[in-house]
Amino acid sequence: MAGSTFGTLFRVTTWGESHGKAIGAVVDGCPAGLDLCEEKIQEYLDRRKPGQNRYTTARREADSVEILSGVFEGKTEGTPISMMVRNTDQHSRDYSEIARYYRPGHADLTFDRKYGFRDYRGGGRSSGRETIGRVCGGAIAAAVLKEMGITVTAWTASIGTAAANPDNIGEGLKNMAAFRRKIMESELFMPDPEAEKKAQAYLEKCIQNHDSSGGSVECLISGMKSGAGEPVFDKLDAELGKAMFSIGAVKAVDIGAGRNASMSRGSLNNDMYLPDGRKKSNNAGGILGGISDGSSILLRVYFKPTPSIAQTQQALFQDGSVRNVQIKGRHDPVIVPRAVVVVESMAAMTVLDLLLRNMTSRLDEIMRFYKNEA
Amino acid sequence: MAGSTFGTLFRVTTWGESHGKAIGAVVDGCPAGLDLCEEKIQEYLDRRKPGQNRYTTARREADSVEILSGVFEGKTEGTPISMMVRNTDQHSRDYSEIARYYRPGHADLTFDRKYGFRDYRGGGRSSGRETIGRVCGGAIAAAVLKEMGITVTAWTASIGTAAANPDNIGEGLKNMAAFRRKIMESELFMPDPEAEKKAQAYLEKCIQNHDSSGGSVECLISGMKSGAGEPVFDKLDAELGKAMFSIGAVKAVDIGAGRNASMSRGSLNNDMYLPDGRKKSNNAGGILGGISDGSSILLRVYFKPTPSIAQTQQALFQDGSVRNVQIKGRHDPVIVPRAVVVVESMAAMTVLDLLLRNMTSRLDEIMRFYKNEA
Amino acid sequence: MAGSTFGTLFRVTTWGESHGKAIGAVVDGCPAGLDLCEEKIQEYLDRRKPGQNRYTTARREADSVEILSGVFEGKTEGTPISMMVRNTDQHSRDYSEIARYYRPGHADLTFDRKYGFRDYRGGGRSSGRETIGRVCGGAIAAAVLKEMGITVTAWTASIGTAAANPDNIGEGLKNMAAFRRKIMESELFMPDPEAEKKAQAYLEKCIQNHDSSGGSVECLISGMKSGAGEPVFDKLDAELGKAMFSIGAVKAVDIGAGRNASMSRGSLNNDMYLPDGRKKSNNAGGILGGISDGSSILLRVYFKPTPSIAQTQQALFQDGSVRNVQIKGRHDPVIVPRAVVVVESMAAMTVLDLLLRNMTSRLDEIMRFYKNEA
Amino acid sequence: MAGSTFGTLFRVTTWGESHGKAIGAVVDGCPAGLDLCEEKIQEYLDRRKPGQNRYTTARREADSVEILSGVFEGKTEGTPISMMVRNTDQHSRDYSEIARYYRPGHADLTFDRKYGFRDYRGGGRSSGRETIGRVCGGAIAAAVLKEMGITVTAWTASIGTAAANPDNIGEGLKNMAAFRRKIMESELFMPDPEAEKKAQAYLEKCIQNHDSSGGSVECLISGMKSGAGEPVFDKLDAELGKAMFSIGAVKAVDIGAGRNASMSRGSLNNDMYLPDGRKKSNNAGGILGGISDGSSILLRVYFKPTPSIAQTQQALFQDGSVRNVQIKGRHDPVIVPRAVVVVESMAAMTVLDLLLRNMTSRLDEIMRFYKNEA
């Protein structure tokens, strides 16, 4: 299994290289009867599109999606939904030189070792453009979840050391509609204007120094149902962990209290029940024993800095020598803002898949489904 | 799919409840020809056994493994290896009371919601005893890896705020055999005596206060081959992330530089190549583009504090009320030391599975395997 | 993936060699809330037990099943159900000689080539005893189906050229309870006394000649729901086909009209709708486009003769020579009667799995499940 | 899992409806380094193209394939290969009427029941056009097998009762190149001119009577390696059985001697070893215990008659009434000749997948692969 498919019942298979003819995804297992059109998917794709502001690569790609199958009279048919985005702005000429060496921090070396050769044009399959397929799948998953009253919302939590203030975020989350608007209005998808200003200043410095920055994304799943997640290996947190680490450049993931829980004590970290049956805190991040408990799911994802920087670096050449190189091309000084919608997409796919898997957990529910009650 | 199977080619299925008749695992896809006996597995199980010292639960379980199939004349046959550990010290009487309420920080509530009822005796399937099956599988995976020259080593990195000094660890790793001995000699599997002393003092305080502590485990995979991990969804880091988050109580995972990478810059975080072809640093943790690059894999796993504490807590009852409860029974003040071998087991299973999957990546290797080279 | 797991949502993993310590199965994905006890499974196992009459091997195995997990207070918990049957009558001494050669019609040669060596005691993993695990899984699947009003019934349709009269069978099927009784009363599970007499006479001749016979099994699934089966690759007929061909010694499978359909014409083979909405015939065998249509599923499975015969045969030796051998031991002159319950088990597992998979096909049903209907 | 993916390591996902924008396939897990271009795939597609002669539908579809990803500088990259065929000759107007009723022998009813509605234009996903994706996948699998010296060859064995003479076929198989030429020269892909003539006469009569015919396809896999197939559930014959039954209209499958084995005796059906180590017969069809033994694989697949016939038939209407209908449109009087390349494709995909899976069976081979041999 070459690893291009995600999910068990709601399955997304992505394909495509950054400089091939096209990039796309096939969604198999989408339930029949969902209203779906290209605009719904395009809206998600536009959030990861390059060239939106000075903090993203200057490459211009329209990234227009075409639905090729699985939708009839405006509704999903239950059959595979094939989606395609043609690659248009490929500039293959920029990449001829890097064919000869392995860029630091990139997958050049590992692809070569694994496959014997590689598509050196813009990273090929390991390019960030691969996430187009994920966002296509995520847009559909989010549309199904929306019907169920579940919303997935991600935002930039930090860029370098410029972090959104948790209190501001906590306050904002009390009004999700306004919060979501705030995210969309921010150039960096960072719903804390003060932190955003600091982040912008930091990015300016990175750009000046031909350097790049890491950062983190937070994601909240609200309106969640209980029961998603299978005990033991396919826990909800395990599948979310895989989903997040499968995004290129992710180096760490927190669920709920995350690493802070490791420095805490049971009496503080346990979420106590309140007299009304709710909980006083959500250190668990909405997951107990790998199964959603009905409260909001919260996670944080940490990205490394864009490895492509214009500074001189020591690269390994195919002839075994190590020499100084300067990588040309148009690169994001930080990948995080464009990754926000990718985190949202992977979270949506994961949660939907496990909600579907949960439907067969109980005999009484199966009987109710097949109308064999009483 | 109810989620009790891990892996694609090397597959481990675990089964069993903490107070059922037995707990076990079936390993399917173990290559034929490996020397295997019960002692090899018992050695791993003994490292997670309760009752080893005052920082682990006083429960006494022999946890003796029996191999039921898949081994003939001392060698694996290529057929499923079934292993079983009988439950002996079950004390079912202790658990009658907690049948009526949902303990804070436990999976009681979510199991009930998902399945309509639950095995309330000692956590049932969500008990830490479930990891017995994982360790059985991990012991076999580690034995295969050993033949390939690959070693997986985990240790306690922190308990509460008492953390092993990274410099001491770095120094220790230069001599793996000695380092491994140091781990085994430590009561807490913490190969930094000074930090261990602090951790012990901290745990004493926890025990006195009827409280518990979180902590973290580090894991190093040395002798690694390049090529393990599939691009896109089944990246090596993604599968490791899933493996780690599937362990109960894990709330965060770092790969390589982990969350620190998010605060770093490209010029610092990129691992530069040295003139001899090696790398100056290992911020990537041995993985680039989701594929192992041949250097050591490094990860860190963060555990929440044991939720079972003797302090009075507010629990939700099945009748909807919230009342004060005091959980009895024998619980670990910290889960981390016993989780060390579980982390090692999950890492071994993950890496072996992806090494096997990598064998079909290249046509020339397939031809070499089937001896079709001209 | 080493192929010891069957199913996607209802998953059965079997393990064990004929002369190892035990044989068993783990069922993962059984819905919670099903009444289950060992007797229910034993009843199925008893139908494949050796030594029931003169047409089955004289080996005596109690084949008593023990449930090790997944059942609490008499009900399935939704967690893996582990079942084990200890091997008791192993007679390892009988097999020392055949370690040196490959028996005609057996898997001796292919196991050796695939794995480098083999467990030569009684066929090891390729022994018919492997089906014990299938029957354990099938008994549970059948119990779930029964709750849904679905019954799987198999019987011996032919032994050698002695075939049950289709008219007699058709007549019998009109009263399923009586038909099932008739099957159970027949020594060969053949519900046509006249044909059975011919079959017995034929088998006597086979036994006299130290020879063996093939035969066929028919299987009917009644009370079937529509919607089971996924278009394209995981069609209901495709999964049934795989299920049946996965039983050792099966060489052909018919669905509905089977091979006769290939000699028919559209005007005859199409099942016409009757004014009451039912269909005039069932050449389709209850499956259209790979999906159950709500009428009965009908299939026929053809078995080769038992390869172990007492006649002198030419066998290949490990040293490359071909020499005459005489296989000793206690073998079934025909495998078919004992395979009846195996066919039933595989059919039950297949149909249940696809019924569960069907539950996520439609958005409106998902909304109904999660109670999001407006 | 909605069932549009076939295979474990070599995975083919198909998508598309007969009257949607396009039809296609994504192949994930194709080894890197294979020479591949569109012509190689087109050659396979041309064999299933409609409009080739008077025995196939008069629809004209160019069915030109476009490779969208996974190939770089003429070689496969190891990444997903996405292929697309635009639908051109769709004639949607022909299908408006049949939206209201369920055609006998078609999947109209079952799709509606499963999904709540259906794409009624030309069968939608259940159309024979769906096999385009399979043939794309099969062409690539066959190209890999060819490098390994393995050839998959299928042909028309019978149409109605006009069957190729087994002796003629047996004779022909002695010279595979000539045999393959003979197949290609036959309008019906039937390499027995006498039988072909009878089949043509029979088809003429069917056409005159507005009727259709069934038939069968035989398939031979030569140059086969031993070791393909996993014991128990994923036997080579089980996977082949699934592959064949997943083709629409298939109602029966034989492996090797097939159903004839059920009427045979052990002494006749066992393939005896010859003094030179080869076997006197091949009743097993090249598979023992579910594993290839190195001799040729032989199977036969039986197809029902095309359900779309111009005769008046009784159809079920959505309003519950049953009325006479006459189906218009351009339909194949027999599906078999166009299915030949589909059988070949499914067989190639199955065998390749199991050969890849076999590569991890033995520790010594794994050591050899990773060069850890002492």
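Chains here go by letter, A, B, C and D, matching the order in which they are written, and residues are numbered from 1 within each.
Everything that follows uses one rule, which is that a contact is a pair of C-beta atoms (placed from the backbone, for glycine too) under 8 Å apart; a residue touches a chain by one contact, two chains touch by 3 or more.
Worth saying up front: this structure is predicted, and the values here are computed from it rather than measured.
For subunit A, the chain whose average C-alpha position is most distant is C. Set side by side, the interfaces B-D and A-D show unequal numbers of C-beta pairs in contact, with more at A-D. Averaged C-alpha coordinates give centres for subunit B and subunit D that are 45 Å from one another.
Rounded to whole angstrom, the centroid-to-centroid distance between subunit C and subunit D, based on C-alpha atoms, equals 26 Å. Subunit A and subunit D, compared by their mean Cα positions, are separated by 38 Å. Residue positions 1-5, 8-9, 14, 29, 32-33, 78-79, 114-116, 125, 231, 357, 361-362, 364 of subunit A each touch two or more of the other chains.
If you check the complex, the residues on subunit A that touch subunit B are 1-6, 8, 14, 102, 104-107, 109-111, 113-116, 125-126, 130, 158, 160-161, 206, 209, 211-216, 226-227, 229-235, 237-246, 248, 250-259, 261-277, 283-285, 288-294, 302-309, 311, 313-316, 320, 322, 357-358, 361-362, 364.
Those residues of subunit B lying in contact with subunit D across their complex are 8-10, 29, 31-34, 76, 78-79, 144, 147-149, 225, 231, 355-357, 359-367, 369-370, 372.
Those residues of subunit A that touch subunit D in the complex are listed here as 1-5, 8-9, 11, 13-17, 20-24, 26, 28-30, 32-33, 66-70, 72, 75, 77-82, 84, 114-119, 124-125.
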